[in-house]
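Letters A, B, C and D mark the chains in the order given here, with residues in each chain numbered from 1 onward.
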Amino acid sequence: MTASAVPALKIQRRSLYPGWFYAPAAVVYSVLFLAPTLASLYFSLTRWTLFDATFIGFDNFAQFFREPFLIQGLVNTVIYAVITSGLKVVVGMMLAVMLTSQIMARGYLRSVIFFPVLVSTIGVGMTFTVLMHPTLGMINQSLALIGIKGPGWLVDPKLALFSVALVDVWKGVGLATVIYIAGLVAIPKDYYEAARIDGATKLQNFFYVTLPLSRPATATVITLSFIGGLRTFDLIWAMTKGGPGFASDTVASVIYKQYQAGFYGLSTAGNVVLFILIAVLVVPLTMFLNRKQGFE
Amino acid sequence: MRSRASLFGGIAAIAATFVVFVIPFLFIILMAFKDKQQSALRDFSWPNGFHLFENLYEVIKTRNWMMITAFINSSLITVVSVTLLIVLAAMVGFVLARRKTKWNGLIEFLILAGLMIPPAVVPTIWLLQGLKLFGTLHGMILIQVAYNLPFSIILYRAFIATIPRELDEAAVIDGARPLDVFFRIILPLLWPVTVTNIVVQSVGIFNDFTNPLYYLPGNQNATVQLTLYNFQSQFSTAYNLLFTNILLITIPPLIVFMFFNRQIVAGMTAGAVKG
Amino acid sequence: MAGLELKNIQKTYGKVEVIKGVDLTIKDGEFVVFVGPSGCGKSTLLRMIAGLEDITGGELYIGDKLCNDVEPRDRSIAMVFQSYALYPHMTVYDNVGFGLKLAKTPKDVRDQKIREAARILKMEHLLDRKPGQLSGGQRQRVAIGRAIVRKPEVFLFDEPLSNLDAALRVDTRMEIAKLHADLGATMVYVTHDQVEAMTLADKIVVLDAGVVQQVGSPIELYQRPTNLFVAGFIGSPKMNFVEVTVEAVDADSITVTSKDVASLRVPARTEGVDVNSLLTLGIRPHDLLPANSGAIVGRVSLVERLGNETIVNIELASGAPWLAVLDGDQALRVGESLALAAEPAKAILFDKDGKALLAPIA
Amino acid sequence: MTKTKLFALTGASLLGLMMTANAVNAQQSGYLSFLIDNGPQSVAVAEAWVAAFTEQNPDVTIDIEVRPGGGEGDNIVKTRLATGAMADVFFYNSGSLFQAINPVQNLLPLTNEPFQAAIQDSFKSVVSAGGEVYGAPFAPAMGGGIFYNKPIYEELGLEIPKTWDEFMANNEKIKAAGKTAVIQTYGETWTSQLFVLADFYNVLTEVPDFAEKFTAGEAKFATTPAAVRGFEKLQAVYDGGYLNADFGAATYPDGLRMVATGEGAHYPMLTFGIGAIAETVPDHLADVGFFAQPGDNAETNGLTTWMPDSIYVAKSTTSPDLAKAFVAFVASPEGCDIRNEAVGATGPYMIDGCTLPADVPPAVSDMLPYFQEGGHNGPALEFLSPIKGPALEQITVEVGSGIRQAADGAALYDEDVRKQAQQLGLAGW
């Protein structure tokens, strides 16, 4: 149909968006991340002492799924991820709405809420381990002042996982709030004005304007904190080491314990299991969130 | 009416955030002022006397002034890797957002994979050794860049999509080459996200504990989080020193925050770029 | 200074043909306007000239140089964008000087050129501001300043006035015309607004669906449109159309009639026109006059009285809605019947393919 | 299989690279790197040794590196050995953990060093592999048993228990007196294993061949009544309500402090805790006594003993002679004296010629009779079998916190052990 085109003159003009812009990042990423990850796929099929690796097929995976607490660990992992990301969404959104409104002392509130993001996880873990001590901890001592006998936050097997999750939210909600603030200020004021003319109440404003229009921010917060929750390790390790017993074990801490015990192949197999778990949960989730995003 | 409601709301918010967010920090600070005996009580009380400076001295001089080395190392790692991250991630984000090719799907998959896959430690160490980077700051920096790239790229890509493509074109008409467009037009416009990136990544890298633990062995390579860890058992009976240590290593992120605080907010509020 | 030569320029995206072989010659110093409805390909064509879009087929010459594969910066063009595309992080001064800076122009020369451009556009007082602090019209000026400072051979404008309010649009239009007169540079201007096209252009290129419909001077297009599309697109208010039957064919005229039109003899090209065949009759609203025994009769449906003229909407017997623009103030009422006469020489007949049956110029 | 070789080869060549890299700075300047765990005792004694050694050899520089203890420390040691990045000299466990670092491949044999003549064979046996001896003790032998608070015993007129029933009776009296009878510190999970591990002497008295059968996969904890006893004892102190209120969160230093100051009466622990008590609550050092974990029969009362950790030389060292000289120094009577000086005496040395000072703390003197003529002692299981399940400490926390029943815990531990044995590639599993 366009037979009269002039292919002979087709010197490729340099693109405004050249592919080599990918190159530096791609090199660093492939060499230091992708290559070891691919190597680990092989090691997950071996009995590996670090000194030599013996190929044993899928035995590691079989063993990993025989781990008495793996199932609980899987459940814990999902619970932890759901709680932390859920709370970060809800609390982050609330705080962001509050901080974008005409509230007094906004600067103070913003700083204070964001500040825990800055402190190292290990430091936060150590601090809260002290604060949550069942008898000497400040939290329970304060509760005692008003006549409440505080629970064993980190030593009660029913509570430990939730306590760590709460600390995780405490530390991470500042970031979620900032993402939401960015999302909220990007919503054109017209929508609120239109809603006001339509007679919407503040609550209706929130549910019919703010909530749907901040969906991109929600998608970001959920994706990041959900993945973070599934992978979480340092905070659990700093606070409970998966205990008491196995009560707050997650897949990541089970993996780490295998690793510590010198079961490198087994632990690498656990890595692969964790990766699959994350992929199974996160890929559909992001697809869902992104599909919704497409409407806007 | 309205202002009174918001006044009460404001006071309630200030009180609540004070209890939830400020008191734990006050606790850390108070502990750092106490002596060993008083800190062992682990309560929220006024220090008996001023022991901050002796605690600081004690923490800093421990193990042959390791804290000084650690601060230098951590700062170097943080500054260099964040700089590299910003440039590399923005370059990827720029092309990724602007140029639609069949590779985009693969690249996005790799980015998501990078967010999801837990790194494989020992194979990485072998590789670093092959490259003669094991136990060096260079190696550590590259590791941090590799591990944190996906997050930065995602931040940038989303923001670049809001920058009108006509700006690139105007620059091209003005005679800009791709590098000019990127460094003179796009990168400056990304400043709000760059601030976010600087804050989030520098704090993350400065506070990283696991990766230096594995990839950066040796005293001369100590980083600040490792000092906390090294001293934890040594200080396990001296809470004053433990919390002094926590306080000390929280200062650099705090400075980053104070430096960029206004810009985080301003950058965030700027929202989409106006032309 | 340079003209432009487009030879069978084509653009396809995948299998979609956007530009279907455009041939066009633009003389040095000419002001050419591409006009057409949105999606007709006029912006794409402009961007191909700019080098922002690859040319799928054909040849583009700027001056004597084949420019298909030349980088935009080497085409000696400048472009003004619809959204102005000012760099938000630079001051006006830096915006205007950016291209010179990239070209490594010495600082003093640069400064002088920027100030000169600012003087021409009367925006010296804006130089230290950022684009965010400017009004729409001021931004427009800066965008033009950025173009002229580089002294290009060809200026490209992509709907530069569409973001301005009506009054400002008229002013700026005049300034652009003046700029063209002062600089004498070749200008290619894209718009969907035919008034802009008519007022600015030396030559108008009407595009529809990726095909050039007609090229010519504004008056030529107005008076002698080659097809129904051009006739309908050029001129405001739009030309009236109605379907008619051929009553008689003479050597240089055709007599047509219909339910709406009493027999009207229109000068036209007559080859291939048979009695009783169907044609379309077009008459411009300004070419209708009230007459007691007019050829066209309709019922008044709306009257807009502007004082100097009166715009009357009428509904013909067939239901076709027509417009007439009558001189002076006419006291007409909605619902009353109105007879109009048309000057046959200004009526145009179109065959069933939409081609105008224009009488040869005497 | 070829792949395995390939990886081994890669590892070896990397090792080679490291060696050449190190060679440059090591040969010029009599330099040693020295990796130790971050326990305060280790740091203090290591610093004292280095100071003394470099004073005698002014041209030598020794750089102390510190790693975390526990499982994380194990990991670092293994990773650094595997990657050829190990310090020249390092502290590490003897016994089953020693076997797990693949000594033949990674360590320098010290079999023929002159100082080995003075080291007791029982120690050599736990740092030997493939017919070579690789280590030297840097600390005294330890016992695993129960620290008790002497003032409480005097106040309530209690006797040192020789049987478990007597122990529980004492606990009951202490509890009745309104005091904490048993201190547990699950804030550091490893401390929870003591009731099980320190019971092993009692297991051996009933089933002398338990260790061999255990290693062969023939004897299980859950099905050997004597072996379940340890778990049952752990559960009994919880069920009896004898524990301190914060047992779930308290830490090892808390436990030592509590038993020393009388906040609690009993604390099951290894005797190396004496050093920490001497450092943190020196005023109460004399208030702490020690006895073996009682079994069911007073006649066979005896102590479960631990071999000390060892000091090793990495095969990748570039200064083997200097490293050996330093090890010889540590394992000499002079080294023992420096240790006594730096961190106090915590038990009998495994080195002939090393002596304890006359004024040892009571907890140490309480322990010595078990080692002397007529005393009963036996090594802990980890020195008789290469298998130790990594999850024991979590399981004992569960049993000791009432989350899981003793029998169930023992069965779960058997499962954990099976995995370890399989990973070690032992026959019969």
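Note that in this section contacts are C-beta pairs under 8 Å (C-beta built on N, C-alpha and C of every residue); 3 or more make two chains touch, one makes a residue touch a chain.
Quantities reported herein were computed from a predicted structural model and do not represent experimental measurements.
Peer 1: Can you tell me which chain lies farthest from subunit B, using the average of the Cα atoms as each chain's centre?
Peer 2: Measuring from the centre of subunit B, the most distant chain centre belongs to C.
Peer 1: May I ask which two chains are joined by the most contacting C-beta pairs?
Peer 2: Among the chain pairs, A-B has the highest number of C-beta contacts.
Peer 1: In angstrom, rounded to a whole number, how far apart do the mean CA points of subunit C and subunit D lie?
Peer 2: 92
Peer 1: So, what's the distance in Å between the C-alpha centres of subunit D and subunit B?
Peer 2: Centre-to-centre distance between subunit B and subunit D: 39 Å.
Peer 1: Give, as an integer number of Å, the spacing between the C-alpha centres of subunit B and subunit A.
Peer 2: 16
Peer 1: Which subunit A residues sit where two or more other chains touch them?
Peer 2: Within subunit A, residues 14, 50, 133, 136-137, 259 contact more than one other chain.
Peer 1: Multi-chain contacts only, two chains or more: what residues does subunit D have there?
Peer 2: 11, 72, 79, 82
Peer 1: Name the residues of subunit C that each touch 2 or more other chains.
Peer 2: If we look for residues of subunit C contacting two or more partner chains, we find 51, 71.
Peer 1: Touching subunit B in the complex: which residues of subunit A?
Peer 2: On the subunit A side, the touching residues are 14-19, 21-22, 24-25, 28-29, 31-37, 39-40, 43, 50, 98, 101-105, 107-123, 126-128, 130-131, 133, 136-138, 141-142, 170, 175, 178, 181-182, 185-186, 216, 220, 223-224, 227, 231, 233-234, 252, 255, 259, 264, 268, 271, 274-275, 278-279, 282-283, 286.
Peer 1: Can you list the residues on subunit D that touch subunit B in the complex?
Peer 2: Of all residues in subunit D, those touching subunit B are 10-11, 14, 17-18, 21, 33, 38-40, 43, 63-66, 68-69, 72, 76, 79-80, 82-85, 251-253, 257, 280.
Peer 1: In the complex, go through subunit A and note every residue touching subunit D.
Peer 2: Those in contact with subunit D are residues 42, 46-47, 49-55, 63, 66, 68, 129, 132-137, 152, 154-157, 241-247, 257-263, 265-266.
Peer 1: Could you please specify the touching residues of subunit C with respect to subunit B in the complex?
Peer 2: Its residues touching subunit B are 47, 50-52, 71-73, 77-79, 81-89, 98-99, 102-103, 131-132, 139, 146, 150.
Peer 1: Which bits of subunit B are touching subunit D when the two form their complex?
Peer 2: 63, 121-122, 125-126, 129-130, 132, 134-135, 213-214, 217-219, 229-234, 236-237
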